[in-house]
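In structure tokens below, several structures.
Each of the next two complexes has chain A plus one other chain: chain B in the first, chain C in the second.
Moving on, here comes the complex of A and B:
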């Protein structure tokens, strides 16, 4: 039996969303309200298990009385607020932000990126062939996961997951400034020389595929990765008594990647190195 | 938190520099030699982690001693402060004054920003670079505005050692800059600060009255010239009374945002959460701004007194003075002034025998324009990367260390002194109805007498430029700095008030008034502004991080083009600029396109 945690009852806040009155529990964000009524607002740096960083700025909406647009993912709904999600101004911002991102970063493995680029009429090629891009080679310095910073949009999710919000390992940080800012360990060293404990919780939250399982990276390089042929089976990790849920992604009878359900009340999608990467024995047939 | 350290060891020099700041390490956990006692004792928990705010001073200590931050030194500092090395590396690489790669002990910052560029900084820089090549022991850097615009072009040499030495060459020719870098001790003294305040000695000045007339080193001289009468009045009025006076005086913030100071103080004072903090924003980095430097160098005790009053009114017992890293003379004078005030009981546990405890800590910035944004400044003070936070919550509620904080610009604070000595009514009678009091303007560029001018609000741009002796061939005036806007020579009747500039579609910003003649091509200035924003963007949000790059690329393409050939890129600039203004987290991104837009719309650039 699943026990649904019941919090203290929360007051409802009423505000106007695209002209319609909506009521959401106090403390909800504008994004929560949008999703509750089925409105699709694009997000990249927002994570369901993390405090919003609101760095990517693709979820901008217009709030009456605000000088600038506001990020739906982090602005809390207030009574009487008038929010409009599809004004010309908001759509323009989303379009330009998508253009800026797609012109500087490889978004080929970002879920829904292509769909949004089309929906908002973004043209990443408009900045010309000389537009600066992140020229980064994939960093393959360990057997478990690959860091391809050419795909990194600097959403800070991996930093937050590694640091104070989940893992408390603090192996990575943003280094440098501005367009030259990159996710790095100290001295930008290879991962095995860092504090990394290979829990893979950064891979779990990465929205663009910049961080990926070595297995996934290799299969994509070989052209054998095919998500449509994969099954997902959620089971219980057998290593210790905590009982974390692991979701095994299986293609051709081989485990190719392990994730964890974000709605699990104990682990919230986090695992340790054993649950995340210790599955080779399952498929060792000798 | 499980700290992981590499094998690099600090040199004796690096260790000594850190220990000079933090004291000797208490145990092997902090980097001392291992003893039996260490096996039974460890500093941990909150007490250990809470010293992270010393990270930036620690990085300064290392950089000042050896000129760069080696892996061993960074690791040692991290051990001492219980900071993860990855995070400390992220902080060290954030600031332009630090380097995590080896470099010569002397760094020469040659300003190539707007006022200096117009005064021939490029040629100076090229000559300096040819004379100080590799092997000269000097690393030459092209720097954003050094805040010495009245003596453009400017260069600042910093030689690491014990103690660190600095020398300023301004106005700099190649020989003076090379001398400053190669022999900072032998370089000529900077001219007195009166040089930067052409009105010095005139009667009736409220903010600059003491600049050039008092000895900035002498507390007695300051008191003989009316110092500390405002603080006595403040104690007589009580905190609520001070806030009432400041509110009634109609004081608006002078840092650029023009927020009512009284309202900010009231909002902080009424927060039940304790402690409250006061932060003085002296990270003056807006290109063309140097008013705060002149105040701090010429009348440092005034700022100390004003901070004490602000702390008293808002219930703060600790004030942080965040001073721009490139202001060595202001640092020396303020450090001296704080020590003097402390020794004389004007700071400390019992200020003026009134039972109010207040002390000031001076913290140096390290080369990051963004740290002038108040929430980025808080992060910088806390030992984090100077990235702005999203608001709400606002600083009056959750600011420095998550506590109610009032953050004010230097000039704003110094205005509190005449408010209390004259009284709110008399102060409010100065200026216009909605912009009360005196205002400092930083006049530079194509004028005979550049410097900081004090005028009551309401004088026109033309009157100010006339005073400063504007030269022939005025092409445009930049108001408010790189984040401000250009106006045309036929718009000199704009009244210099918050409301007047707003109605004219421009801004006062931090009080920059830069006269630009036709000797410098406008596209080159715009490109310099765009480069400034690209280099100073913290990189946190996409519109600013990538938008400022795209803006610079477009302006580079446009440099030689006009008319129909420019139309596409101008349209692109408008679209990117609009998204930066609408969607960036902080004021840097939101204003990064202001100057370029005004040059296109008002000056007709690229047509």
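Moving on, here comes the complex of A and C:
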């Protein structure tokens, strides 16, 4: 017996990926197909719980017959497509995108950024010292999380997570237009004056560390943050009966960060303020 | 507003004992403390009660109820589920024979009408509400029934702001409207229910205009909800403590279930009844038998076959009658027939309605042992305090959520000092009282439970891991059941359909604590987004949203009493009196006030609430007290003597 109704059965679509035939369920993206066969395509703005935004352009691949490169994260696979992920044009595009991003924002806390910059031979310094750069100071206006827009690549994931895709609080938005567009809280308000409910679901999806938990921010500033010494244990939140799965990141027997598995049927990676931040009582040890 | 001095609790790290309640606690070894517990319980055999914990794991609850039943020979075991959702369990069990919510979170995303009744899920169950928002995004219409225009109601198609305690009147009027409009699901009523004719007669007097008078909800709004619910292809009816925390909470639940029976909105994907539970394992505590009338697996103590299975497994005789529930245990303390209590992780000194009375009763005990992670107000009254591990972060085991999903909890941090796991402590006390409870680990406890509870039999730890939790019932280790309960009601073969669900014949009964000239304001209680219950856990983090306890008034009432935000006022009920600062909330209607019980060390709201209990489930009427508001005499500033001078 099936657990949930399956709906209309999905057909498999066959296409060619780097010369090899692959079959994926109808509706899958090129990125899904790449990951299914273990091909590494870099992504930043892609979120596994969010609708693709096509903002960062770092996942571009070449499709036979297409005038332009296409973003792997949003382009659906079609029967008979011929996709090449590592053509010179695609690699060059990724290199330039990484150079543009890394020259304008601080990518020091972006997971894998340094690895990709090396892999694609990107040189973020080549635009010289006058390259436009966001010189923003971290905004610390509450005890729970910090906004460091100097690390923001404008991927819009926090806007979508705070908005209609998950939280529906709409505290985070885009202020300004064109070159002046930047992520802001309402009309550039401090968090405590905004509609923010401190669920931290924006921090959960942020790909660069522009949004980070205060604990992590403080430990990084003090030089004590060491992800390699942290354990991650998934358990169930102790507040209310919904039963959200929480992953506790523990360093030296202290909970330093709380996330939630994105494929969890209860949370889909989302938590509320209590689950995300309400752990301190356990470690009030003296 | 005054500077808040929140009480923060630090972890207990070693056992505490004392010879008399007048003495301060002193540190003791585990051996001494456990010996004292054994002696204290031994001399009170036959007068013992176990308060198990709705936040502890299933495994702890299983061992705690086994301790009560096998070591102490009593069914007096219960938990604070009595103060919240016991009526949901009692009501659902009376109708369907099983006390769980009938549907799953994912189904709310694929339904057509969602009724949120007495539930501010946006604050109290935010992640459940995300599923509701998905449902709304997919085209479902949501209706909010609540005396307050809550942040949940902001998302509703229509808000039905009923008077506190008139839920049955409203439900009956909806039922009558459905019947009169010819929207009854006649085939379902005929095949899967009993008592329809009685129900029809019961609701017949509840015309829309009478309901409007009693509930304060416009007739047109009642009619709209009735038609929307009855015409929907699929509909979910969700409720929280606004339904259950009344003196007639079980009747309230039955009145809602009647609507699902009338329309066939139960037992199908997307159609169901969903009580939202307040604590991480309040569902599991009951499932594990930590309630006075059920054995593990929700098996009735009066069922001789079930009893015999447990008797042979446990090597003991089980009395063929129910034990005392939490409310009755407190009453038994008063008359001296309950003299010893083993309290695991509960804080009844602050969570019970009429908390002064609860504290007085706890003081009368001959012996009180409290096993907790903090020195709570209840622990301060104890003879022995045992430091335990935090169920969710320091213990291996499982908990069961509101959609009956059993999920693994895991040890992520090492407990402080000498704190020990609940199960190990219970087993050590059992050994001192001559019973050999030995378990290699939590999984061994779980496997014993699986061998005794058919509903949990198929849930091995490995499968729980593989499926990210499994919903009960799960009798087989190689397949999963549907996500909703009671599909049997739709079978065409009467034998497979099983016992039809009876309509609940329940009468409207207004709140016990009436408002009058002296107590003109109706006080109701609830939760805020960033805080939790008595605040022992949630007080530990710095929430930017938290502003402490306050008496929330409507703008009209604030103006009437001439009070402003932040001003301290005296709040008095027929039982007690507290002072609290004022907050003005336009979501309240005139005559309605709101408080939480998150900050009992600042404002002890439960001094005001009434201990008027549901006779079936024992839950107190936290949601309806009558109060009055008095302006405090202003601390008069001495005015400068300007009157004597001229310009």
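Everything that follows uses one rule, which is that the second predicted complex is superposed on the first by the 276 of 286 C-alpha atoms of A that agree within 3 Å, B and C clash if a C-alpha of one lies under 4 Å from a C-alpha of the other, contacts with A are read in each partner's own complex, and residues count from 1 in each chain.
In this text, a contact is a pair of C-beta atoms (placed from the backbone, for glycine too) under 8 Å apart; a residue touches a chain by one contact, two chains touch by 3 or more.
Owing to the predicted nature of the structure, the values given are computational and were not obtained by experimental measurement.
By the touch criterion stated above, A:27 is placed in contact with neither chain B nor chain C. Contact with chain B, but none with chain C, is seen for A:55 once the two complexes are overlaid on the shared chain. Contact with neither chain B nor chain C is seen for A:80 once the two complexes are overlaid on the shared chain. Legend: residue contacts after superposition of the two complexes on their common chain; A:175 is shown touching chain B, with no touch to chain C. In the superposed model, A:111 lies in contact with neither chain B nor chain C.
By the touch criterion defined above, A:231 lies against chain C but remains apart from chain B after alignment on the C-alpha atoms of chain A.
By the touch criterion stated above, A:189 is placed in contact with chain B alone, chain C being left untouched. Of the two partner chains placed by superposition, only chain C is touched by A:278; chain B is not.
Where the contact sets of chain A with chain B and with chain C meet, they give residues 168, 197. On the side of chain A, the complex with chain C involves touching residues 1, 3-5, 142-144, 164, 166-168, 191-192, 196-199, 231, 233-245, 248, 250, 253-255, 261, 263-268, 270-275, 277-286.
Note for the complex: chain C touches chain A at residues 8-11, 13, 55, 105-106, 124-128, 130, 133, 137, 155, 269, 276-283, 373-374, 390-394, 399-403, 405, 407-414, 416-417, 468-469, 479-483, 529-532, 536-545. Chain contact summary for the complex, chain B toward chain A: residues 1-4, 6, 71, 74, 84-90, 93-94, 96, 100, 368, 385, 390, 534-543, 545-550, 553-554, 557, 572, 575-576, 578-579, 581-585, 590. Chain A meets chain B in the complex at residues 54-58, 60, 68-69, 71, 74, 89, 92-93, 96-97, 100-101, 103-104, 126-128, 130-132, 153-154, 156, 163, 168-181, 184-189, 193-195, 197.
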